[in-house]
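Across the two complexes that follow, subunit A remains constant while its partner is subunit B and subsequently subunit C.
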Partner chain A sequence: MLSETFLITLFLGAVMAGMPLLLAGLGEQLSERAGVLNIGLEGMMLAGAWAGFVAAWASGSAGLGFLAGAGAGLVVAAFMALFCVIMALNQIVVGIALVLAVQGLTALLHFVQFSQSYPRLDGMQAWAVPGLSQIPLLGPMLFSHNPVVWLGLALTAAMAFLYRQTNLGIALQAAGDRPAALDALGGNVTRLRVLTVLTTGALAGLGGAFMSVAVAGVFVPFMSHGNGFIAIVLAMLARGRPLWVLGGAFLFGASLSMTTALQVVGVNVPVDVIQMLPFAMVMLVLVLAGRKANLPAALGESFERGAR
Partner chain B sequence: MSERFRTGAGRELAIQALFLIGPLLAVLILGGLILLALGANPFSYYAFVVERGMLRPSGLEATLTRMGPLLLIASGLIIAFRAGVWNLGGDGQFLLAAVMAAALAPLLHQAGWPVWLLLMAGLLTGAITGAAWAVLPALLRARQGLNEIITTLMMSFLGVSLANLLVKLAFLDPTTTTPQTRTLPVEARLPRLFDTTISSGLLIGLVVVILVHLMMTRTAFGLRLRVVGANPRAALHAGLAVPALTIAVFALSAGLVGLAGAVDVLGIQGNIRADWNPAYSLSVVPLVFLARLNGYGTIVYVFLFSALSIGAESAARRLGVPGYFSLVIVALMLITFALSDHFQKRRQRLSQI
Partner chain C sequence: MQTPPGAALPPADDRAGYGRAGSGVTGAGIRPVVALQNVTRRFPGVLASDAVSLGFLPGEVHVLLGENGAGKSTLVAMLSGLQQPDAGQILIDGAAVSLAAPRDALRLGIGTVFQHSMLVPSLSVVDNFTLGGPWWQRPDRKALAARIQAAAAGPGLRVDPFASVASLSLGERQQAEILRALMRGSRCLILDEATAMLTPQEAGALGALMRRLAATGLAVVFITHKLQEALAFGDRITVLRGGRNVGMIAPDVLQARSGAENTAHIVSLMFGEDSRRPDPLSHDLPRPAPPQKGPALLKVAGLSTAGGPQPLRDISFTLHAGEIFGIAGIDGNGQKALAEALAGQIPSTGTLHLGGAEINGGVAARRRAGLSYVTDDRLGEGIVAGFPVATNLVLKEIGQPPFWRRGLVQSATIAAAARALVQAFDIRTPDVTTPAGRLSGGNIQKVLLARELTGQAQVVIFAKPTYGLDLQNITAIRARIREAAGHGKAVLLISTDLDELLELSDRIAVIERGRLSPPYPNDDTARAAITRLISGATGGADV
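Take a look at the complex of A and B:
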């Protein structure tokens, strides 16, 4: 069973399935650090998946699809920022409303456009590192990937640098832990939180577009299927460490892609069992390490200047 | 002076009415724009939904029947939200409970149990299954302080898949080729009310939601739960057993959601088909909020939503607008009402200055 094909399929599958989680997880980590719990993440991913697919299908360009996906996520996030950060409405209520709205709207739009035809996108070209990608086994696993995968890796490093080495990183942390202190120092909590929520939306939308454009090649209603929520768990468990999001996304990606890998080597497991895997794994991790999942002190609380 | 006061009061009343009607109007207009974009006539769509969901007798009966499970879910959510517990895992709790009740009831019927005993057993099974599915999030929250939003959602996805698996592998009806559980004969289901097709699940739902409302607002136990919800630290200082209360809240909340699943199966569905998931719970969450966690208000909103979903289902067949539209309406309502609430509060604050 542990043949070369199985390993390569599982590894590449884990990278592909983990990439949306990585992008959304990095985004969620950013906004959680600044004190906004983004339950609407699932909706942002789904909006990105729909817009990404439609744009890629209409233009024939995957790159435009990714851009449109990020844009759609940004639009959903703009509502989140307006309602929760600027107007200080309840973050959980608005998050749920956004998820429901996007689920309903994308399913409706999909029905109107594609209920007669079921278009598929062609597979995408990977970017292979010349030379290195020719190495047997390791070559195809490590050095030949979709451009967005390289972007995700670069982003992980950039985030780690942002949190550890920059003033902006410290301001973010202050916005999440003690917004009043940042405000007293002359920082603008609201502007900082709006920017992080918008960035989160763009990243989650890009992750969603990756699902529909690069992985599935189709859009199916409700296709984000809890990935946004898993990304929230990732961000919670990783606390401030982007590398942990990367590791977690790969791990959960592996459990998501187990089906394909098993089918390739001829083992058939019911779909429902496979669908349970990532969620069961999340629960297991939470039971084992949940105590360590500490969150910013002011997470989920809106900041109103001069209140109290 | 009195003249000015009276016009002021009249103006105040008009503004209050605006805060109530405005959001509803906004939802109808926004929804109408979406319908236009979909190529449907908003006026005929809304008229169709009202006619099918509320006016036509068969539609009204379907609406009232659907209210039973929805009210039970709402009751479970009211307990949880008032006690500061975000039980968002209702879909898994509901479906698993429904599947267990659907598996048990026909077997008991074949074994010759009297109908009332069989129904009691089925309802109890549902409630226990629902509560059991919340044990892990409850313990994690009570012992480790782990955020239950995430854990209940995760358990929900797990529960839905597990329920499907049980239908397909364990509880399959051997007498038919459709993948579904054994069917409970109509004479062994929850009785219908009078000469209508309304299931008595409606009565169970109404009684429970009122009892829950009274429990939360009129009893010492309810007060304790509300204190825990409002300020857990203060509750701890006041000597309340916060972890035990938290676990009780999870058990009650998920138990009622499970009961809803059992009522749906024993009163309406009769069996469960593979991959059936009505996903009621996440759409009931907004209703409970719109009613501000008040039991009586919840009855009104659940009725409106129930009529909307029944009307939207027949509109899907007749007018070609998929039922997903009701999801959009609920989301729009939630946002517009939250906005109206926000502006109302700001107005009050400004008038105090």
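Take a look at the complex of A and C:
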């Protein structure tokens, strides 16, 4: 069962399924660090999935699809920033409302354009590292991937650097833990939080576009299928550590792609059981590690100067 | 080239102290680093800052002293850019400035160490120091740590740059915050209630530090409500009361007099002899009737509590029908525990007899027996801010007829009763359905009074009933208290405002560290006697 085919299929599947989680999770981690609990993440992913598919379908360019996906996520995030950061409304209520609104809207828009049909995109070219990708087993696993995968890895490293090594990273942590302190020192809590929410939206949108354009090659209403919420859990567990998001995304990606990998090697397990895996995994991880999750003190709280 | 102080400051008001320009240590020619000129700040129903004029001179520890609600925090908020004055000006080096945000205050050299730490606990000390720096830069932690240690050596601060803030004690956090303010080039350092959460040793060390900092030419502003600290650490003391600057004691005066003389002067400024405040009602009404006109109504014997910030120790007194019994003292000496123990909100030992029958049990039982309590925590425990005025007026009768019958709310009955009370107590509200939290402080207090004074109440406890209110509401509330006694209720009036007690009470006792002095009749010698009792209680005479 642990044949080469199985391992390669599982690994590549984990990378592909984990990538949207990684991108959205890194984004969520960024806004949580600044104190915004971005429950609307699922909506941003779905908007990105829809817009990415439509753009890629119309233009024939996957790159344009990714760009459009990031843009759509940004637009949804702009509502989040306006309502929750600038107008200081409840982050959870607004987040849920955004998810429901985007679910309805994208389903409607897809129906208007394609009625009941689900056109497919051609698959994307992976970018293989010359030479290294020819190594047996490890080659296809490690060195032949979609450019967005490389982007996700680079982003993980960049985030880790941002949090640890820059003034901006320190300001972000202050905005999430003690916004009044940042404000008293002349920082602009509102501006910082707006920027993080918009970045989160773009990353989640890109993750969504990756799902529809690179992984599925098709847009189906509601296709983000809880990925946004899993990404929120990932970000909460990882706290300020981008590498943990990476590891978590890969783990969840593996459990998501288990079905395919098992089918490839001819083992028949009921699909429903396999599809429960990621969610069982969420609960397992929460039970094991959730207790210690040390979230920012001001997470989910609006900031208003002078209010105590 | 030297500017006389008068040029930068309001028309000489002797109370602000600059009328005596040229006298004393400050001398002519030293210009305040930061000055307030007739600064006024209003909140609904409250004048938090009433035409305050002040100046902070370099090289001085200037104490702003006042009870809670005297307007200290509002001044700090305005000086640090968190709030803006409604009228008046803030001057820096004699020039009017606008402090629209905290960054403006920082830029202009006003550094504030707030009562609640403004360090991010999850970051290290050095990261807290770099906070607010240009975002694109990488912090050079090693170099900054070296600078922190170099800067700390001068004023004798001990700061470990790489420690996590969460692991520091409150005193260590404060030192770090002071150092941070200094390293940002502050010329005026404001310490807001800086000793409130420190141990006595830490507070003493902070006092010494303030003096060292002032010696380097910094203008140090120390905000406190503790008299002995003001005397121990301050070069100059300004007393705030009811949002006003009621008096300043200049360094030369402070040094020339004995500790006891200074204490007596400050106590009189903080608590009484306030001749400027017009109070039409008090002059129209006759002096309180002679005490003990009615039968004894409430007998308290050996009341003690355990725990809390200030436990009560063996308090006994008797309240008579139709009498107002005043309890004076500096805040924090057990006033809250006394009110809550009597009302049944906290457990206590000792006996309580109301009208001959012993009462015990919880709040509801005591209330049924005829004892009601008007809390000073109006928003916290007095009302439910989101509930309508009408519901708040019957809040303590929930589930009881005639407002509830067979478990059903009788909305019409409640509304009718509420309208009658709104009328009778002159509560200014758009409607009885308005959420009570939207009313001004004075009207919220009237809601409480209306609720506690109706029904079977025979004994009413008032805790700081006019705290934080404006003159009009103060007058109205005092009239109600007097009226309640006039109707034969026994009133226990706990207040930190000596004028209020002298105006209303028949007898006054002083509470100090949980003990109650024997009652003193409110006659012509009462002011002096009570003032002496309160200042004796501060321990300030030893300073």
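Please note the rule applied: the second predicted complex is superposed on the first by the 305 of 308 C-alpha atoms of A that agree within 3 Å, B and C clash if a C-alpha of one lies under 4 Å from a C-alpha of the other, contacts with A are read in each partner's own complex, and residues count from 1 in each chain.
Here, contacts are C-beta pairs under 8 Å (C-beta built on N, C-alpha and C of every residue); 3 or more make two chains touch, one makes a residue touch a chain.
As the structure is a prediction and not an experimental result, all values here were calculated from the model.
A.B. asks: Given the alignment on subunit A, is it a clash or a fit between subunit B and subunit C?
C.D. replies: Fit: subunit B and subunit C sit side by side once superposed on subunit A.
A.B. asks: Who does A:Asn167 touch here: subunit B (first), subunit C (second), both, or neither?
C.D. replies: A:Asn167 contacts subunit C only, not subunit B.
A.B. asks: Quick check for you: in the superposed arrangement, does A:Ala280 touch first (subunit B), second (subunit C), both or neither?
C.D. replies: first
A.B. asks: Taking the superposition as given, does A:Asp177 touch the first partner, subunit B, the second, subunit C, both, or neither?
C.D. replies: second
A.B. asks: Could you look at A:Ile232 and tell me whether it touches subunit B, subunit C, both or neither (first, second, both, neither)?
C.D. replies: Only subunit B; A:Ile232 stays clear of subunit C.
A.B. asks: Classify the contacts of A:Gly187 with the two partner chains as first (subunit B alone), second (subunit C alone), both, or neither.
C.D. replies: Only subunit C; A:Gly187 stays clear of subunit B.
A.B. asks: In degrees, to the nearest 10, note the angle that opens at the C-alpha centre of subunit A toward the centres of subunit B and subunit C.
C.D. replies: 70
A.B. asks: So, does A:Leu100 touch the first partner subunit B, the second partner subunit C, both, or neither?
C.D. replies: first
A.B. asks: With both complexes placed on chain A, how many Å separate the closest C-alpha atoms of subunit B and subunit C?
C.D. replies: Between subunit B and subunit C, the minimum C-alpha distance equals 5 Å.
A.B. asks: Given the complex with subunit B, which residues does subunit A contribute to the contact?
C.D. replies: Going by the criterion above, the answer is residues 39, 79, 83, 87-90, 92-94, 96-101, 103-105, 107-108, 111-112, 221, 225-226, 229-230, 232-233, 236, 270, 272-273, 275-276, 279-280, 282-283, 286-287, 290-291, 293, 295.
A.B. asks: For the complex, which residues does subunit C have touching subunit A?
C.D. replies: 77, 80, 82-83, 101-103, 106-107, 112, 114, 117-123, 127-128, 130-139
A.B. asks: Touching subunit A in the complex: which residues of subunit B?
C.D. replies: Touch residues, subunit B against subunit A: 34, 38-39, 86, 88, 136, 140, 144, 146-147, 149-151, 153-155, 157-158, 161-162, 164-165, 168-169, 282-283, 285-286, 289, 321-322, 324-328, 330-332, 334-335, 338-339, 341-342.
A.B. asks: Quick check on the complex: what are the subunit A residues that touch subunit C?
C.D. replies: Listed in rising order, the residues of subunit A that touch subunit C are 165-168, 170-171, 173-174, 177-178, 180-187, 296-297, 305-306.
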